[in-house]
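Two complexes come next, and they have one chain in common, chain A, joined by chain B in the first and chain C in the second.
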Partner chain A sequence: MTRYLARRIGFALFLVIAVSSASLVLARLAPGDFVTDTAGIRRQTLEQERARYGLDKSVGAQYLDWLAAVARLDFGYSLQYGRPVRDLIPERAANTAVLACTALAFATLVGLPLGVVTGSRRGGTLPDAIRAVSLLLLSMPPLLTSLFLVFVAARTGWLPMSGMHSATVPAGGALVDLLRHLVVPAAAIGLPLAAMLERLQAQAMSEAVKEPFVIAALARGVPRSRIVWRGALKAALRPIAAVYGLVIGTLLSGSFVVEVITAWPGLGSLMLQALRTRDVFLVAGCAGVGALFLALGTLVSDLALAALDPRARESQAERG
Partner chain B sequence: MTRAVGVALVSIAVLAALAAPPVAPHEMDAHFGGLLNAPPTVMRIQGEDAAWHAPFIYRWRLVNQLEQRYEEDRSARVPLEWFSGGHLVRSSNEGSAPLLLLGADSYGRDVFTRLLFGARTSLALAATAALGATLIGAILGGLAGFAGGLIDDGVMRTTDFVMVLPTMYVALALRAVLPLVLTGPQVFALLAAIFAIVGAPFVARGVRAIVRSERRQEYAIAAQALGASDLRLLVRHLLPSARGFVAVQITLLVPAFIIAEATLSYVGLGFPDPVASWGTMLHDASTNIRVFADCPWLLSPAAAMFLVVLGVNLVLQKSRPGVKSLL
Partner chain C sequence: MAVLCTFAATGCRSNRPTADGVPSGGVPRGGELLASVRSEPRSFNRHASRDTTTNLLSNLTQAKLVRINPTTQALEPWLADGWTTADGGRRVTIALKHDVVYSDGHPFTSDDVLFAFEAAYDEQGGSALADSVEAGGKKLQVTATDAHTVVITFPAPFAPGIRILDNLPILPRHKLGGALKAGGIAKAWGLDTPVSEIVGLGPFVMLEYVPGQRVVFARNPRYFGKAPGGGSLPYLDRIVVEIIPDQSAELLRLESGQLDMMTSEIAPEAYAPLKRAADEGRVKLLDLGVSRNADGLWFNLRPGALGQDTRAAWLQRDELRRAISMAVDRKLFADTVFFGAGVPVYGPETPANKIWYWPGLPQTAHDPAAAMQLLASIGLADRDGDGLLEDAQNRPARFTLLTQKGRPNLERGAAVIRDELKKIGLTVDVVALDARAVIDQFLHARYEAIYFNADKTDLDPGTNPDFWFSSGSAHMWNLEEKSPATAWERRIDELMTKQIASADDAERKALYNQVQQIFFEHQPIVYFVAPRIYVAHAVRVTNLTPAEFRPQLLWRPDTVAVGR
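After this line comes the complex of A and B, so read on.
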């Protein structure tokens, strides 16, 4: 177990360093830089500005400088904001985390129980209806759900369409205001995810109810609902737990689109802005934090899976 | 039943894309200066006088320049012309009362026409990228599964790593570091290449597993014993067994790439403006929040994408193997 743990942590570290390094180098190699993109200034000023930001050095030299600074937990200055990257990112990262966690919680609470319902029965109106809705939602990735929900919000005026806070704090306090703003983006990510979890849970469940122990329990007269919601559910959760490691990436991808469409001030919209203006240190910082989220998520789900199911631990160790 | 619906949806999209020039009422880049953001014209058969007529439309009259509000000019019917000037159907008064089945965008271009031409760009890009991803994936996966050892380790670790990353960010980062202003064909080639690279690992993993297990089958051993070279064994005997898997993967990748193109174009990193694609058509909505409340017809590309993705999902309903969707 310790060896497995060490290996997973090693992978997580590698992920964070590789991703942020790669994005720094890529952003630096891109044609144009922050100075040419922001200013129509005289050549001499151009050179001075470059020297000020350290953009006149070679890529390699700049990378080494950056690495040395990162080792001291100094992630450089954002060129467009003129503030340390370290100050800019936590707020945005927290916003993304709030959005992603709400969406994941929503998807889990809605998708899994519905999957149990559809998976444990052969037919019937309710399971068929749930299945149909799932199929519709699976065809609406976050890009389409968020456009649709913003459209609904704009037509009905029930919910705020974009942003995270109202300009003035309305009646009910800041928290209620935040929650109202959270509905559209969180549902946009959560709905397709809930549909995906529902389908997977249904599949796992329909296999679990065929197991001999279910028939045995039925024969002993255990009530059906108890078998479904206790025994079979427990057996069906294992394949689902394995999926959660992959869901983190889907969640981050989805939150990027949704953040841009609903103007949610998160990591995705910050990184898009940084990429457009060639704000190299901010790009690397955003990518690093995104990779950190990803690494932590994968780590937690791997460990949870290993705790749940010893077989996963062994096969993972075998594979490396 | 549902499968037939899926096939129908996908075929309609493909046919619409192929037959865009004659079916569309206008040229792709026709502007109607006085009809910015005009709503859809309704095809009618009953006039103000309660009499029945051949299908006709009413002209839009601008009543408020600032709010871009339009009213139907009921004083004169504008009859439709069928099969004229190389178009299936168009207004008899092209200049001042064009047929706008899905309204006009902020430049006064017909949304329906651009939707059809956009289908060409979006579908062609997605199909090219999916083929590219399959090709790269099959080569890498086949090589890894066949050679084993170090090559296998290297390829599989790399694909593992790429698959953990959020797909959209990888595509975004790759696109953003390349020159931001490019011509239409350059963007097409570039996006196809990026999507192919991002999608290839999904294909490679499956192909590798199939090649690896098929290699131990008797027919493969027999072919080898008969003196087939490695290349022949791989290409003629082993890779064909992955055909079914590859077909499913292509159909899964196409909708994912349609959405990916739309996302990149939405944020302004896709096709440049005059090119019609489903993503560039949505770009209006990103700059003008009023679109959602006042000009919902501009969101029609999103509806088109939904129908195509739904169609593919219905076709694949039973054979859908994937745990992780690309987006």
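After this line comes the complex of A and C, so read on.
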């Protein structure tokens, strides 16, 4: 197991370096750079600006400088913010984590129980209604879900539509203000996610209730609800565990669309801003952190699966 | 002959009811205004960047000697108390206001004015403002005779005179002198600078900057501006500028009362929902008239830019551009791109430029048949009967048109051009790239044609030498020519040299009309339609002086107010 973990962590580090390197080089090779934001500036001024930001070096030289700095855990300076990338990213990653954890908690608390309900019953109005709503939410692209929720917030005036905090802390305090701001973006991410978990859980549950141990327990007179919520649920969690880590990794990498539409100052919007402004070191940093979260998510997924399924544990031990 | 122009700053401000009908005497004080921008600032320092958000921040926190009133196009004193001109306008003596202090209490003197010019002209510093405070490509000579008087000497007669000082914020030497000495004025006051370090003479001070979220400004209690009744300015206590990257979210916030104003005009597609909101009394929608700028199409006219490509024989010909101008139905263009809210444009000025627009300029009629005849005259004909034109080498008459991705006006406009040109047999491949990529291709002359915004910085053509002169950095179709590539560009250079030097307004107008005529004949940029500019704001915002260009509602932030 230790060897397995060491190998996975090694792979994660390789992934981070490879993804950030590729991002830096691609952002640098793309037409335009940080200083070409306005037409009509003198060539001489542009050259001075390029020299000021170190953009006058060749891509190779800049990449090697960056790589040498990364070895010292210096990920460079953001051209736009004039701050070290390693200071900027944790701030934004924390904001994304707040959003991602809220959305994930919501999706888990809503999606899993509903999946158990729909998967453990053969038919009925409630399971059919849940299934229909799930399919609707799953078929809506995140852009539409976000815009719809922002529209509802705008029309009703119940909730703030964008941002993470109000400019002035309202009467309820900063925490209440944060929670109010969280509702729209967390719902935009959480609703389709809840629908996905519901569908996965329902599928797994419908198979689990046909397992011999469930039928045997029912024959022994164990109450159905107890079998479903204890025995069958544990067996049906395997597919959820397999995707859960990936979902965490994806969410922590930042949800571009939702963060941009709701002006949530997270990693996704930072990455988009960095790409737009060709802030090459920041692009590399954001991409690297995204890759790290994905790698860690996959690892968490595998570990969770191993915890739930002895067969997976044995397979990992053999590979380790 | 010396001409005396002395204005009291307050005397120049209007006492008449403002655009929204609120008399100045009854302007409410205090309160917070919530505005929005779509992108982060690049710096807190105008010398570092010319982007619109940095410009807005500078407009709120810094002051200038003079400012151009965009509603009247007149020059108004700001930090200047008045000025006298001598030597045919070449020497201007500016008296500065007394008892003006920076937001940190440090007194403002003529030394700060000298510093502002030193910062702009410092060759090591790389100021983005350098060329905008030059006259005919040459630096002004600036001296101080005492703590409150500066003398500006122009290197040659320069008709726009001190209008160009509207480009130059006066920054504090006591804060930035070190940066200038170190050769890094453009590096100073980056986004990592604590906001308490940003000191200015403007109506507001920066209170907080939260990256990705907002910039908060508080009233500068030391601001020198006075209200018409003698009271202090600004009226507002705070301005919060939210960073909202998505325009749909920005509009919804405005409609729902979670935003007081956007700092730019509304997109044509947003007009209908905002009109409904205005009819319901939720917002005020203002029609500011025709834009002074129109998006334009130009070809790469740099000799040899297309290498061995034989298409250069027709791609760089005047006849092609004139044919395009004839082939595009401007009415259809206005209806499709701006949903009807636009006026046809045939030359470099739009009717918004009341002084320099020439109504006598010929108007190109929509005439596809004549366009095809013109194309035939440069060897483009349908040789294989497929309805599309080929050149003399039997190669398809086809070119690539770059435009900016994510700007619906530009993308729709490029699509209309493509469709209209197809009707006369020209094939256009529209390629939409992000703004930086388009600008990069443009700066390196790696393009065939571009449809983009070619905005001029001021209404007076004399302040746009970078656009007009063949050596200019904004001479879009052929940047920074060493010598004029064509006889007509040489003629424009000559006319503009005279135009800029003339002190006679009528002569300047006549010379500029000639320039517009030459421009029309050769169409280095083909303009189609100038949009109408609409802005919207919350009903509680009052005492506005809306202007046609950005920031339309906040160009004079000290007098904006909000109702209770």
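The definition used in the following text is that the second predicted complex is superposed on the first by the 298 of 320 C-alpha atoms of A that agree within 3 Å, B and C clash if a C-alpha of one lies under 4 Å from a C-alpha of the other, contacts with A are read in each partner's own complex, and residues count from 1 in each chain.
Just so we're on the same page, a residue touches a chain if its C-beta (ideal position, glycine included) is under 8 Å from a C-beta of that chain, and two chains touch if they have at least 3 such contacts.
These figures come from a predicted structure and were not determined experimentally.
**Q** For the overlay on chain A, clash or fit between chain B and chain C?
**A** Chain B/chain C on chain A - steric clash.
**Q** Using the superposition on chain A described above, determine whether A:Y81 touches chain B (first), chain C (second), both, or neither.
**A** second
**Q** Let me test your reading of the model: by the given contact rule, A:A30 touches which partner, first (chain B), second (chain C), both or neither?
**A** both
**Q** Touching A:A154 in the superposition: chain B (first), chain C (second), both, neither?
**A** A:A154: touches chain B and chain C.
**Q** If we overlay the two complexes on their shared chain A, which of chain B and chain C does A:V260 touch? Say first, second, both or neither.
**A** both
**Q** May I ask you to decide whether A:S162 touches chain B, chain C, both, or neither, giving the answer as first, second, both or neither?
**A** It touches chain B and chain C both.
**Q** Report for A:L109: first if it touches chain B alone, second if chain C alone, otherwise both or neither.
**A** neither
**Q** After superposition on the shared chain, which partner residues are touched by A:L144: those of chain B (first), chain C (second), both, or neither?
**A** In the superposed model, A:L144 contacts chain B only, not chain C.
**Q** Can you tell me which of the listed chain C stretches (400-408, 472-480 or 526-534) runs into chain B once everything is aligned on A?
**A** Once both complexes are placed on chain A, chain C clashes with chain B in 400-408.
**Q** Show which residues of chain A both chain B and chain C reach, each in its own complex.
**A** The answer is residues 30-32, 147, 150-151, 153-155, 161-162, 260-261, 272, 276 of chain A.
**Q** Which bits of chain C are touching chain A when the two form their complex?
**A** Going by the criterion above, the answer is residues 32, 34, 39-40, 42, 49-51, 124, 126-128, 130-131, 184, 186-187, 190-193, 210-214, 216, 238, 240, 242-246, 248-249, 252-253, 255-258, 433-443, 452, 454, 466-467, 473-474, 476, 479-480.
**Q** For the complex, which residues does chain A have touching chain C?
**A** That would be residues 30-33, 36-43, 45-46, 48-49, 52, 80-83, 88, 91-92, 147, 150-151, 153-155, 157, 160-165, 167-168, 260-263, 265, 269-270, 272-273, 276-278 of chain A.
**Q** Per the contact definition, I'd like the list of chain A residues that touch chain B in the complex.
**A** Chain A residues touching chain B: 15, 18-19, 23, 26-27, 29-32, 135-136, 138-144, 147-148, 150-151, 153-155, 161-162, 196, 200, 243, 246, 249-250, 252-254, 256-257, 260-261, 268, 271-272, 275-276, 283, 287, 290, 294, 298, 320.
**Q** In the complex, go through chain B and note every residue touching chain A.
**A** Those in contact with chain A are residues 153, 161, 163-169, 172-174, 176-180, 255, 259, 262-263, 266-268, 282, 285-286, 289, 292-293, 296, 299, 302, 305-306, 309-310, 312-314, 317, 323-325, 327.
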